[in-house]
Each structure stands twice: as C-alpha cells, then as structure tokens.
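Order of writing sets the chain letters: A, B, C, D and E. Residues in each chain are counted from 1.
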Amino acid sequence: MLFQDIVFWLLSVVAVGCALGVVLIRDLFRAALLLVAVFIAVGGFFVLLNAEFLAVVQVLIYAGAIAVLIIFAVMLTRDVQQGNPPNRLQIPAGVLSALLLAALIVVAIDTHWSFLPDEDRQSVELVQTGAVSTIPAESLERAGVSDAAAQEAVEKAGLADLLIGQYVLPFEAVSVLLLAALIGALALVRPSPSTGSEGAGASRPGVSGTDAD
Amino acid sequence: MVNEALVWAIFLLPLGSFVLIALVIRPFLNRWPLLAALSTIAALTASTVLAAITLRSVIVHHGAVFLSWDWLSYGGATIQMGLLVDPLTAVMLVVVTSVSLLIQIYSVGYMDGDPGLARYFAYMSLFTASMLGLTLSSNIVQLYAFWELVGVSSYLLIGFWHDRPSAAAAAKKAFIVTRIGDVGFLIAILYLFFKADDFAAVGLNAFHIPDIWQAAQPVAAGAAVLGGAALTWMALGIFAGAAGKSGQFPLHAWLPDAMEGPTPVSALIHAATMVAAGVFLVARFFPVFQQSVEAMAVVALIGAFTALMAATMGLVMNDIKRVMAYSTVSQLGYMMAALGLGAYHAAIFHLVTHAVFKALLFLGAGSVNHASGTFDMTYMGGLRKYMPATYILVMIASLSLIGIIPLAGFWSKDEILLAAFDGNAGFADWINIVTFVGLIAGVVFTAFYTVRMVMLTFYGEFKGGVDQENADLHPQPAASAQPHADAGDDAHDEEGGHHGGVHLAESPLVMVAPMAVLGLGAVVIGYVINPQWINFLGVPIHWVTGFVADGLHVATGGEGHAKLPDFDWQMAGISTAAAVAGALAGLAVYGLRRDPVREPLRILGPLYVLLSQKYYIDVLYENLIVRRSFYRVFAALANWLDRRLVDGVVDLVGWFFRNIGSAVARLQSGQVQAYGTAIALGSLLIILGFLLAS
Amino acid sequence: MSFEAFMIVAAVLFCIGLYGSLARRNVLAVLMSIELMFNAVNVTLVAMAKYLAPAGLQESISTALTGQVFAVFVITVAAAEIALGLGIVFAMYRTNESVDLTEASQLRH
Amino acid sequence: MNAYDVYVISPYLAMAGAAILVIIFDLALPRRAGGLLPYLAFMLLAGPFVLSLYQFYDLGLAANLVREGTTAESSILEGSLSVDRFALFFNFLVTGSAALVVLASTEYVKLMPRFRGEYFGLLLFSATGMMLLAAATELITIYVALELTSLPIAALAAFLMSGRSSEAGMKFLIIGAISSAVLLYGMALVFGFTGSTELSDISAAVGHAGGDIAFGNYALLIGLVLLVAGFGFKISAAPFQMWVPDVYEGAPTPVVAFLSVASKAAGFAVLFRVLFTGFFDVSLDWAVLIAALAAASMTIGNAVAIAQSNIRRLFGYSTIAHAGYLLVGVAAAVSSGGSLPDVPVFASIGLDSVLFYLVAYTAANLTAFFAIAAIGERVGSDRISDYAGLFSRSPALAITLALALIALIGVPPTGIFIAKLYVFTAAVDSGLAWLAIVGVVNSAVSAYYYIRIIRTMFLQQASVSPGAPPSRNPAPWAALGVAAAVLVFLGVAPGFVMEAAGAAVSALGV
Amino acid sequence: MSPEFNGLLTATVFLPAVGAVLLLLLRGNRVIRGAAVAIAVADLVLALFVFALFERGADAARFQFVDQFAWIPDVGLKASYLLAVDGLSAPLVALTGLLGLSAVLASWRVSTRVKEYFFWLLLLQTAVMGVFTALDLLLFFLFWELELVPMYMLISIWGTGRKEYSAMKFLIFTILGSAFMLVAIVAVFLTPGVGTFNLIELSATGGVLASAATLLPLSWLFWLFFVGFAVKLPTWPLHTWLPDAHTDAPTAASVMLAGVLLKMGGYGLLRVNVGLFPEQSWEFAWVLVALGVISVLYGAVVTIRQTDLKRLIAYSSVSHMGLVLLGIGSVGVAGGTLTATGLSGAAMQLFTHGTITGLLFLAVGLVYEKAHTRYIPDLGGLAGRMPFVAAAMLIAGLASLGLPGLSGFVSELLVFLGAYRAYDWPTVLAVLGIVLAAGYILWMMERTFFGARRERFADITDASLVEAAPLALMVICIIGIGVYPALLTDMFDTALEPMVRAINGG
C-alpha cells in the first residue's frame, strides 16, 4: 500500500499543481500543456482506482484528442500573444471556489458513507479491474468467490455489457449527442459561402439583433 | 271631515303648474311667457280657494290625518307619505296660498319683460308647491323632503339672475347656511329611527309626526319613548334646522344676501312664507319642545337675541331690502322667542300678520324700485309725491311693523310681549328677564329703523335714483360685496335691480292692486280675526290664537279648549310706549337733520361701523372660517396630502419598482462569467441557508 | 490513500476548475477549466465505485461498475461539449475577432 | 435489447431519425427544393407523435410501458426509463411545440443561405433530448439527455453567425457547461451516498438517511442543492437565470421560442422526476428551497423586466418570472398537512397545475415569439419603441401579440389565467398562501411592462418607416394562429388538458 | 349541478361583445356609430327586461334567470358557467344597460379610430354586465379582469392629459387589488367541504364557511376580498387612481368608470363580503365605517380644492362611495337587531351614484367639448348659453348633495338611518359630508354655469338632440327613483334580507 500511497500523493501534487497552472498562468499554450499533464495524472488516479479501462480512455480521449483539439484552437486564434489574462472576477471567484471547496471537503469527511463491506471488496475489485478483460479462475477463488453462479456473474460483469445492456439508452443517446455536437460544430465552423465571415442574417437587424443597444 | 283629494289638490295644483311650465311652456312656448304666469296664477287661485275650504272644514271638524302611501319601510318604521291637516296647517295653507297668489299677480307687472319669465314662474310654482307640501306633511321625512325642496326653490330664485355673480353667490350662501342647520334636523330624524323599535313596541311609527308628539308625552308608568337629554338634543337638532331656515343667529347671515333675488321672491319667500317655515317647524314639533325646558330656553334666548341683534343691524343699512331683511330676521326672532316662551298661539298669530305686512313692505320696496331703479335709499327720497298709493300702503305696513294700534302687527306683537312679560314658568328668572328686555328693546329699534326707512325713501328730496348711483359708481366699477364676483367682467349696468333707468311714477295696477289687498289685510287682520274683547263681526274672541292653541292642546292629549291669556292694557301700554319712543327718535333724527346726504347715525362712530359691518359675522364666516381656515389651510392641506402623500406613496412604489429593475439590470453586465459566479454564489447561499436553518 | 483523500483531491480539482472558468478571460482557458471540473467529477465517481457500496450489489455484481460507466459517459459528453464549444469559439472568433469573454458583452442589461 | 425495447424507445428513435433524415435530405435535395425542408421536418415530426399516441393507447391502464421481468414485454431499460403518461404528456408537448417552431421557422431560415438542414436537424435533436429527459429515471440517462437538449440549442443560438448570435451561443454553452459540471458533482454525491443512479433506489436510500440537518447529511444536502442548481439553469430560475436575457436577445427568434417553452418544460419534467420520485422523503426540506427560488424568480424577473427596452430581452426576464410561478406549483405539491407533521404529503394539484401551466405558457410564449419573429421581419428591430404604431401597420400581428401579452399577465379568458389560478390554488391549498400572495402581486406588477408593449403598439405613432411587406408564406401564420387558438382554447375550455395533466402526474406514482 | 338555461342573461351579457365583434366588419364611421347605438339600445332593452320581469313576490325565487352549465370539470377546479340575478344585481344590470347606451351616445363625436373605440366600449359593457350577473366566483373574477383591458384602452387612446400614466395607474391598482381577491377566491374554494365557486351555494349555505376549517382564517379571507373591492370602490387610501383615471378618460369612459365600474366594488362587498362572511362583516363593521367616514369627509374636503371639473367629480365620487361603506358598516349594529336599511342604502347608493355621476360626467363632457376647457376658473356664465346642460348638471348636483325628491336623497337617507343605529357619532360626522357636498357642488355650479356671461363662450350652443338624450334619460332616472324609491328598494331587499338574517342569526 505504501507504494500506492506515494504514487497517489505524487499524482495529487502533479494534478493540483498543474491544474493551478492551467487556471493561473497567462500563457495559453503552456496552460494547455499543463492541462495534458492534469489529464494524465487523472489517468493515474483511475489506475489506482481499479479503472484501467477508464485510464486508457482518459489518456486517449482527453490527453490525446481533446487536448490536441484545444491546442489547435489556441494556435488558430490569434490571441495567443495576448495570453490569458484574468478578469475582474478573480477575487469573488476565488472566494466562492474556496468556500465551495470547504463545503465539499466537509461532505467528503463528514458524511456517513456506506463503505463497501470487506467481504465484497475483493470481488468488486475483480469486477472492476476485470471489466475489460477475462478474469483468471484462481483470482476468483482467491477473492472468495467460490460458487459457480457468483463466479459467472463476476466473469460476465463488464463495462461493455453494461453499455449495450442496462445503459444502452444513454449509450445511444450519447451517440446522438456526439452526432448533434459534430453537426453543430461543423455548421458553425464552416464559413458561409455568400457573405464570408458575417452571416446573411446579420444584415437583418431585427432578426440578428445587431442593432445598437 | 276635509276631503283628502281636495287637500292633495292644494299641493298638486302648483306642482302641476311647475311641471307644465318646466316641460311644456319653457321649452316650447317660451315666446309667450305670460302663459306661465297664467298657469301659476290659475293654479294658485284654485289652491287658495281650496285652502280656504280646508280651513273652514278644520274649524268645523278639527284636524285630520291622511296616510296615503308607503314610501319606504324599514325595521318597523314606515315612511308614509301623507297629509296632516290640523289648525296650524290650515292657517299656514291659507297664508301661503293667498300671499303667494297676490305676489304672483304682482310679479306679472314687476317682472314684465324679463327674458326668464317662464322660468321665474316655474320656480315660483315649485316653491309654492314645496311650501304647501311642507305644511301638509304628516311624516317627518316627508317634511324634511319638502323642507329641502323649499330650500332649493329658494336657491333657484335667489340665483334667478344667475349671470349676476352676487346673485349666484348669495344663492349658494343661502343654500349652504341653511343646510348646515338642516344637518341638525337630519340627525334628529336619524335619532328617531334609532328609536324606531321602541316606537314600534308601543304601536307608534317613529316617523309619523302625531306619533312623535305622542311619544314625547310623559306617561304615567315609566319613561316616555322620547325623553331625557336625548329629547333635548333632538329638539335642538330640529331647532337647528329651523334656525337655519328662519335666519336665527348664528345662521342668519344668508338672509340679507338673499335679497339678490327678484323683489317678489324676497316678499314671498324671504319675508312671508319660507323663512317662517322655521317657526312652523318648531311649532310643528312643539309637543316635543314642550317636554324640554332646556330646549325651550335655547329657543327663547336665541329668538330674543336675534330679534334685538337683527334690529340693530337694520338701523344702518342703506339698501331698503336689506333693512327689510334684517327686520324679517328680527321679527322671526320674536316668533321664535314666543315659541320658546311657550306662547305657541302668539307665534303663529304673529307669523300670519307678519306675512301680510312684511310681504306688503317688500312689494312696496319693489314698487319703489320700479320707479327709482335702485334699492339704495340714499338715492331715493321724496317718492311720496310720485307714488302716493305705494306710499300709503308702505306706511300702513310700516306702522303695522312698528306695532301701532290697531294695525295687525300690534296685536300679534303684543301677545308675544305679553307672553314674555309673563315668562315661562319653567325658566330661571334671568332667562325670562333677558328675553323680555331683549324683545322690548327690539321694539324700540324696530320703530327707529322703520321710520328711518320711510323717511329716507318717501320724504325729503329725490336724489337721483339709479342714474345717480351709476354715476357715482362709474369711476370704480361694480365693487361687489361678493367674493367670487368677476369684477369688471359683468356687463350689467344696473346694480340694484333689473329695471333700467328712473321713471318716477306710480307702479301699474297689476302691482298696486295686490299691494292694496295686502294693505287691507295689514289693517284688519290683527283685530278682525283675533278680537280681543268681544266677538267682532261674528268672530269669537281670540279666534285665531284659540284655534291654533286648541290644535296643540288636542295634539298633546288635552281636553276642551286651551286657556289663553287675556289682553293686558298694561302690556299694551308698555309696548306702545316703546314703539312710539323709537319712532319719535327716528323722526327726530331724520326729520330734523341738516345734511340730507350724510348718514346721521355715523356719529355713533365705531358702533356704526360695527353695525354696518354686521358685527363682522359675515367676515368671520366667509373670510376667517370658510376661506382662510377651511379653504386655504385645511382643504389645501388635505389636497396637498392627497397628491403628495397618498398618491406620492403610490408613485414612490412605482418609481422604486422601475428603478430597482434598472439597478438589477445593471448587474446583468454581459459578462458570462459573472453569471456563472451568480450560480456559484446562489448555490453557496442556499447551502448556507440550509446549514443555518438546521 | 483513502476514499476521503480522493474525494478531497477531486474537490480541489473541481474548485480550481470552477475558479478558472469564472476568472479567466480567454474562452479557451475557460473551456479548459471546465474540462478540469469534469475530470474532478470523474475521479469522484470512480473513487466512489471503488470504495462505496453500491445499492443492489447482492443482486448484481455489475452494479460495482456503475461509477465507471458514469465516468465513461461523462468523458464522452465532455468530448462532445468541447467539440461544440470549439465550434462556437471559432464562430465567435470569426465575428468578433476575439476570444476574450470579457469583450463579448454586447448583450447586457 | 429486444424488439420490445426498440418499441419502447421508438418515439425517441423516430425523433432522432427525423433529425438525421432532414440533414440527409438537405444534402441530397437540389438547392431549389430547399424551401421544402421545413415541411419535410414538419411531416417527419408525425413519426414521434404518432408513436407516442400509439404508446399512449397501448399503455391502457398500465402505469408504465417499461416493465420488469422476463416476458417478451419486459425491458432491460427498467429503471432507467419510464414510458408513462407523464413522459407521454411531455412527448406531446415537445413534439407539438417543435412542430410549431418548425413551421414558424419557414420564413426565418430563408435568412440562412446554408445549413437549413442542420438547423432543423439540431432542433429535432434537441427535441429528442427533451422527450428523453421527461422519461428518464436514472441519473446517467438524465445527464446525457440534458446535454442532448442543451448542446444543439447552444449551436442553434450561435447559428446566425453574427456577433450577438455567437455571443449568445457562447454564453449558453459556457453557463451550460459550468452548470452541468455542478450538476454532475451533485449527481456524483447522490450516487456516492445512495450507491445507485436509479431514482427508485435513490428514493429508497434517501428514505433511510435520517439525520439532524436538512436532507439527513451533507452529501445529500449539497448533492441536492447542486442538482437543483443544475436544473435551475435549465428552467431559468433565479439565481441561475442570468444567462437568459442575453441568450434570448442574441439567439434566433424561433430558437428562443423553442428554448423558452420546450426546453423549460423538459427541465421541469426532469425536476419532477428527480425531486418527486427520487427525493420525496426529504421533500419538506427542498420544498422550502423551491418556494424561495419561486419567490426570487418571480420578483427578480418582474422587477428587471420593467426596465427593459428590447422585447426579446424583456421576454427573457418574463420567462424567469414565469419559472417562478411554475415553481410555486412545484413547491405546492408538497404539503405538510398530513396527520404526522414531519411526513410530507404529496398534493398532486401542485404538479397538475404546473403541467397545465406549462402547456398554457407554451401556447402563450410561442404566440408571442412567433409574432415577435414576424414583427422583427417587418419592422427590422426588437426595440419596443420601434413597435410604435404597429397596430396600424400589421393589425393581425399586433392583436396576436397583445393577446399573448395579456395572457402572460394572467388576464382571462386565456389559458394562463386558468393556469395561474390553478397554481395559486395549489399554493394556498398547501399552506403556501404567502407565496400565492407574492405570486399574485407579482402578476399585477408584471402587467406594467406587458401593457407597456401593448400601449406602444396600439397607442403610439410609428417612429420608423414601414418595413417590409407582410410575408405571404402561410406557414408562420398557421403556427401563430394555432398557438393563439390553443391559448384561448385553454382559457375557455381547460378541462381536457387539466385531465391529461392530472393523469400524467398520477403516473409519477409518488 | 343542474343545468338550467334561461338565456336572457346570457344574451344580455354577451350581446355587446358579439356586437363589438360584428362592428369590426363594418365600414364607415356613421354606420359604426349607428350600429353601436343599435346594439346599446338592444342591450338596454334586454337589461330592462331583466329588471321588469324579475319576480318580486315574497315567494319568488331569490335568484332568477339562471343560466348554468359546467365549465371546468372537477379536476381540482370545479367551475360552472353560472349567470343569474337577484334583487341586488337586477337593478345594476339595468343601470349598466342605461349607462352603456348613454356612453355610446356620448361618444357620438369621437372621430379617431371609431371602430376600435366602440369595440372596446361595447366589450367593456359585456364585462361589467358579466360581473353583475356571474354567480360563480371564478366566472365573476374572469369578468372582473376582462373589464381592465377595454378601460385601459379607452383611457390611454382616447383620453386627454397624462392619459397613459392614468391608464396604467388604473390598471395596476385594479390588478393588484384583484390579486388579493384571487387568493381569497381560491382559498374559499379549497375550504374542505366547500369545493365550489358557486356563489348561490356558498351564500345559501351561509354558515358553511363559518363552520368549516378554512385554509386561511375567515378574517383573512374577508380582508383579502375587501382589498380587491375597496380598490375598485375606491376607498381611502386606495383611491388615488380614481381622480387621474377620471380626469384623463374620455367622457364615455368616465361615465362607465364612475357609473358602473365603481359599483362593481360595492356590489362585490355586498355580494361577497357581507354575503359570505356575515360574522366577519359584523365584527369588522367598525373598520368599514371608519374608512367610510374618512372617505366621505376626506373626499369632500379634497373635492373642494379641485379646479378641474372632472377631477372635482372624481373626488366627489370618493366621498360618495364612502357612503356605500358606511351603509355596509351598518351591519355592526348590536346583535340581532339589524335591518336592511343601511345595506339597502348602500345598494341604492350604488345605483343612484351611477346615474348621478354618469349625468355629471356627461354634462361635463359636453361642457368640455364646447368650451374646450375643464379648468373651472376659465369657465363661467355657461347657464345662459347652455341652459339644458346647466339644468341637467344642477339636477345631478342637487341629487348628489342629497336633495329630497331626487335619488341621491333616498340612498343617503337610508345609509344614514342604517348606520346611525350602529355608530351614531361616526354617522353624524358623515352627515357633515353632505354639507361639504353642498359646498363643492354649488360652488362648482356657481363658477361654471353662473356668473357673468363671457365673450369667448358667446357661440357655444346647447346640447343637440343626440347629446341631450342620455342626459334626459339620467334625469328621468334620478327623479323617478327619488320620488318612488320602492321601485328599487323592494328589489334590493329581497336580496339583502337573507344576508340580514344571516348576520342577525350569527
């Protein structure tokens, strides 16, 4: 456990430190890079939390795709030089965040969480770590899952099953969501052919609301 | 028994005349205004005849009460419209119809050529009808209704020349002042209704006048339905109404101003009939008054005081009609005093004689005005030569007013003075003494101002009438006494009357004839209808006084005849002495004066000013109370409060909402992150709220 | 390495993200901060899956994965959101020539 | 996943399919035929509508189409979805308003040279999310559906490619993202404490969470507050409302119309599901919160609306105020008037009234926004002062807008009058008379700014030159007419919708 | 709920609205005017039918001409379409018809946006008729609110002066007041065991509210209703909308506003506050009396300062409506001895004030139309130029100050008679109000119609036939009622006696 603790604290320091960097430094490009570091650290958390699959997804999607997308965006918008100055809400935002943090810490500490009973701990761990892989029989035995039905249940339990089973509806919905988001993004990003940057609607003040306040 | 339909007709005929004129003649036949006069005179002639028949019938059969229809009915008290014909009513009917008839005839001449003639006769008809209705009412609410209608007719007639600001103002003043008194009357009615259940418990109707009489009478077992302090207050409420109508102090201020109306109106309404309605009202509820010594004392004192005070004011007036107006106030004071003293019969008797001679006096003033064009006596003089008939008739009336034997005024005034001399047994001595002294002093002053009036008008040299008056006024245009007059705006060139120019001649027959009839009355009516020593021309001793006193006697549950005091030589001597003294003083002052223009009484100095300013009572009322205190301060304050405070709060709330909106909208800075901050802040506040609450 | 520790770290990340999303002017920085918040939630969810007892564990052992499933969806939705967000950033950049949120305040009051 | 599951979710599938089809047709059809697109979308909406209708009849006496078990008519979706009368009620509401918005957009999309297919597609995607939201009974599904509702609208808000439009889109997106993060954290806490994302399990766990603070413990307290904050964004309740006027002002008018009615309705639907099926046992605690939010929303919305000069902005504040009135009904659905003082009693009249209110509000706001869109086309401005003399220029539009405005005040004989009456009745019934009084006073205050618009249209002289001639396209007129007719119909004969609302609420099974 | 349908009232109520819609199809101002008059006449005829055919016998049904069917089914809100009149409302229906016609005739010279004008005017008539006939609280409220929009439009489009401010003020005040009323209506409905908006059932059962456990204390309900009605009446200190609205409204709107809209407040107080809450009425009568007396005196004092003719009449309305409160306050008489006097007076005052103020506003409208000013110091001597108008004004004024023989006297007398039994000194104070009334009425007459003729009014003409007709109509009413008040009081009493019994019994 000691090793894992050390890893946890290291990751924590990295995650929090880099996160602070993301929100504090003015250089947007570096902020984006620090964000990648945070993502990777969070991936590390996932590994510690028996969620290897998520860790992979985290690194691939977040650190890979999203961060790259953001970095592209940073490069494309010419404001990089101007950097990322804070606005006037620094102090209220800071105070509110701190207060919220205090509240959330109280929640974490002061709630009577119903922790996993020790007898289930190992089987749950198996299920979680084995969510995307087959579980060796001896592992099951070691975890005290002895009867066949329970073994089968642990064997069968997997993220994929859940995603196309019990969670098929949000799964489908999220696919529609992705589609919609993509279509929306596409429609917004592609320039209009006729009027260039400004949409045709903008010439109709009542419609676009461009008239002065 | 009198025939109910006939009695109704007395009232309905003039009313019909009014309706006819108002709805037909005035709108469609205005080119022939004499039709209106005809209608009025015809109706009144018939009414007079019917009134005489009624009187006769009442003499023979005593009174009668007719209840015709329920007007409204609530909680055991039914307001029944009906007729109450008792001796008082019968006498009043005859007085009102006959005087009114004569004055209508007179008006045909006096008002000749006035563009509003039809309107005039309509109002006159309405007034007569209302007055008759008033005397006939069997129900206090009905009485009140006609009471008010009389008031409004008076308002209309005073303001008949409504384009004259002073007339309009005087009309308004008359109405409002009398209405202040009417509040007391109304409250008395409210009190009656308050007691309606008690009335009903003994089978009486709280609004029915004979029932009220009965309720006020003490009963053997227990308290009367009406009694104690409440009865006094109720009586005083009624008296307040009466005082307003009859111009008793402190509500007398309107009556002199009311002379802005046409002179026949003054004669009929503000001398002979309507102002006497106050006396009538007290007489009508005399059985109630009788039960309260306090109320009687108030009536007596106010009557005596008014009699004296008005007489003094009459001393210095230059307007002949105002002199007569104060004289009227004064004489009404005598009647009130008589009532207060318990001399019911004397008051009514004086009411009758006064109606005749005062009407005559006013008609005489009208006649004088007809010739001179003015009412200002300082521009008259020497008219005796030009209008002898008028002169003689006015002399008769004046002597009657002064109380010279054997003219009408003497007999009736003598009865009042006798009653005052005897005093009311219930009163404290000082009250009796004060009353008597006041009344006697009044006699002196009455004689004085009457003589002054006659001297100024008929003797000496003619001083130019209206022409001279206009010439004097020309440099300073129409300085009206009325506050609301738009000075200078008025295109009228005459100030005192509507007859332009001076034409020194006797008035036409249509005017003189009614005066002559009244003159005859002023001579004979005092003794002939109320002989003092022996039955005269078939009329029994104390006929009128006995007649009305019997009416009262019966009403209060008495048996047989009322007992009346006999003629008292001693008293007659005192009163005659007082009258002659006053008259001689007047003769001395005005017959022997050297400067025909300067007013001799000016030597009184400040007293003269005080009198000519009417004791500053008008100033007090109009300037100090109404204008300065009420209108400029109190009402202005209320108005200011309404706009600033009450409405201001409303506007403030509106302003607040509009601006709080803008203020909050300012927070909507357009910064999207501010919105996010609001979300965070809101969430935290909610959490905090829950934590604090639990 | 306790549950509370994970919760606290996640809460710290979340609040840093919140602060960043409220206090930075550049819209991309804001989007990044929002991603931080989503990541914090994911850590919370997965930690809960590991340490806390899911309801109905006795009936179905797969409930132990609910937290992870939730996190999968959060990641996906976040991806969609960032994609659309960048699209809008570009649209805004094209019209306003700026990605500064403070300047994007034509609509106000 | 079997055929029955597909049947269960067929309305959603049909809606999403319609969205995709519209986009495909847009790509496939020749450019000339682009004008047909809205009609196509309109007809495709018949799919979800008919399927919902079929499901409605199929439901019969049953409470829910999604059933547990192993028969052919059982579903693996059990627990995460509830196709009941409540969900179907919102299916109809969403499809109906979507159809009207599509019709009303026919003229509007002509302003867009391209991407009309995307426009309608996104609209329908959003509608899919809304329908799903009303049926979801599981936090993950709720979250995804919520995002599916919001994200397309964010894109649509920015669709005009103008500065204001993209600013509106950006604001909506960022506030949406922040609040969805907040919501997620709340969901996580709830999940952590209860161990489940299914509302039924949550309900069971919440019931046992006794404690001496509100909601029993900190996790539930903060979790629920964060949830309410997230939904508060959706329904535009104060203090989560500040984005509303900006987005209303900047986004395309039909989108705002859709946002203001369907999105809000869906937000309320999910709020009901979560609060009443998940957290009813602690309802006495959150009812206070809801009541406070209601009072704040009404007051802030109305107070600020008074100061507005842009009509769409004004409607932004108006919608906040109406969220407040609706929340009054939500708070009123919890009554402590039972025999035990600490045990909440469900007063269905509260939710009945909110559902009815939503329908009436949908009709009124659609009427208003359709009119505003048409007027904007003609007058070329959204400034209220430029509406001067509108009555003389376009009487029909002026009258319809006036009708909507009068309805929004709550003056009879319009649907909102009945709705407000219903809501305040519910409030009084649940002992929230103070809230009802706040509500009615607010209604009275709101008259000021609504009437001001009417006054401008009817009484003032035109200050700007007459704009474009009225459109000959019948579709927007039809949409406007239908919305207005429904509005009046609801005022005159509210019985039908009331009964439907009652049935829907009873399906929540609290 | 038994469906009944007589139809007469439905026709009376909705004829103007239907006519208003039909007007929209017409063209040409003359045609529209003519049609409007025809509609108003027809409605007056219907209203007079209602009045005349109302059975007055002792055994006649209390509510007559019932039109009833279910409106909102029993889902939380059970409401019915229920129109009927009793002795209280039948005269008010007739009054509305009368003033409606007068208002239409008084609008003869409206020349801007004629069609709209008559549309709103007729719609207003429907709303008011509806208020007086609806006996379902919800329907009542619906009509109550319906009246707002037409009145708002009439003031703010065709008014003068600060018309928009005044119209808005009118609107906000009324809406605020009715907001309170709405809460009360709802609370009454929700009272366990009540569950109905039906006023007949509510008042027939009388004690139901008293015995049931209401959601809000009964006294709350009483005051919530009271606020709604008091704003309309209006009562001090909620009156400030009235002078503004009256002053800036066009003549016809003023006529309707003063003539019938204010009456809605008094009607509501009688019908709902006294009818449903006899015990509270008794308990709080002293407050009503206090407010009434303050309104009477305060209104009168402020009236005296007014220099705008319409404003003057408006404030006098505040004063006179105070008498309504005073009359209602008469229920505070010692237990068991109440008679219908005061209530009848209040109801009577509603009717008479309607005719009197209607007449005053009509006359002032004519003055303004011809002299182009309402500023009293600028006027004067008009009686010579327009004797008919002056006579009408004088009659109205005299009626208003309570001259016997005119209708105002009867109502004032009854109010005072009734109130004096319960509260003697306050009543005496209120009686002083009529002296003040004499003051301001006569002073107004003096400064407006009397006095020297003025050059600039030389070419003013008297009322034409069309203009004179409504005036004559009102004068006939005023005199007729003044001479034979039993015509109305008999009807009022049939409706008020049950209330009196309820209070005496309670």
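Some observations on this one:
Here is the rule we go by: a contact is a pair of C-beta atoms (placed from the backbone, for glycine too) under 8 Å apart; a residue touches a chain by one contact, two chains touch by 3 or more.
Just so it is clear, the model here is predicted, and its values are computed rather than measured.
The minimum number of touch steps linking chain A to chain E comes to 2. Shared contact partners of chain B and chain D comprise A, C, E. Ranking A-B and A-C by contacting C-beta pairs places A-C first. Averaging C-alpha coordinates per chain and comparing to chain B, the farthest chain turns out to be A.
Nearest to the overall CA centre, using the mean of each chain's CA atoms, is chain E.
When chain centres are set by their Cα atoms, the one at the greatest distance from chain E is A. Centre-to-centre, using mean CA coordinates, chain D is 43 Å away from chain E. Centroids built from CA atoms put chain D at 29 Å from chain A. With centres taken as mean Cα positions, chain E sits 37 Å from chain B.
Chain B and chain C have CA centres that are 96 Å apart. Within chain C, residues 14, 17-18, 21-23, 30-31, 52-53, 57, 66, 69, 73, 77, 80-81, 84, 87-89, 91, 94-95, 101-102, 104-109 each touch two or more of the remaining chains. In chain D, the residues touching two or more other chains are 140, 143-144, 147, 151, 154-155, 158, 161-166, 169-171, 174, 178, 185, 189, 192, 195, 222, 245-246, 249-250, 445, 448. Chain contacts: chain B has residues 654, 665, 668, 670-674, 676-677, 680-681, 683, 687 touching two or more partner chains.
Interfaces, counted as pairs of touching chains, are A-B, A-C, A-D, B-C, B-D, B-E, C-D, D-E. By the touch criterion given at the top, residues 103-104, 106-107, 110-114, 164-170, 172-174, 176-177, 179-181, 183-188, 190, 192-195, 197-202, 204-211, 213 of chain A touch chain D in their complex.
Chain contact summary for the complex, chain B toward chain A: residues 671, 673-674, 677, 680-681, 683-684, 687. Listed in rising order, the residues of chain A touching chain B in the complex are 87, 89, 92-93, 96-97, 99-100, 103.
Residues 349, 352-353, 406, 409, 411-413, 417-418, 421-422, 424-426, 428-429, 431, 433, 436-437, 440-441, 443-445, 447-448, 451-452, 455, 458-459, 494-495, 498-499, 502 of chain D are the ones touching chain E in the complex. The part of chain C that touches chain A in the complex is made up of residues 1, 3-9, 11-20, 22-26, 28-29, 31-33, 35-36, 39, 42-43, 46-47, 49-53, 57, 60-62, 64-66, 68-69, 71-73, 75-84, 86-91, 93-95, 98-102, 106-109.
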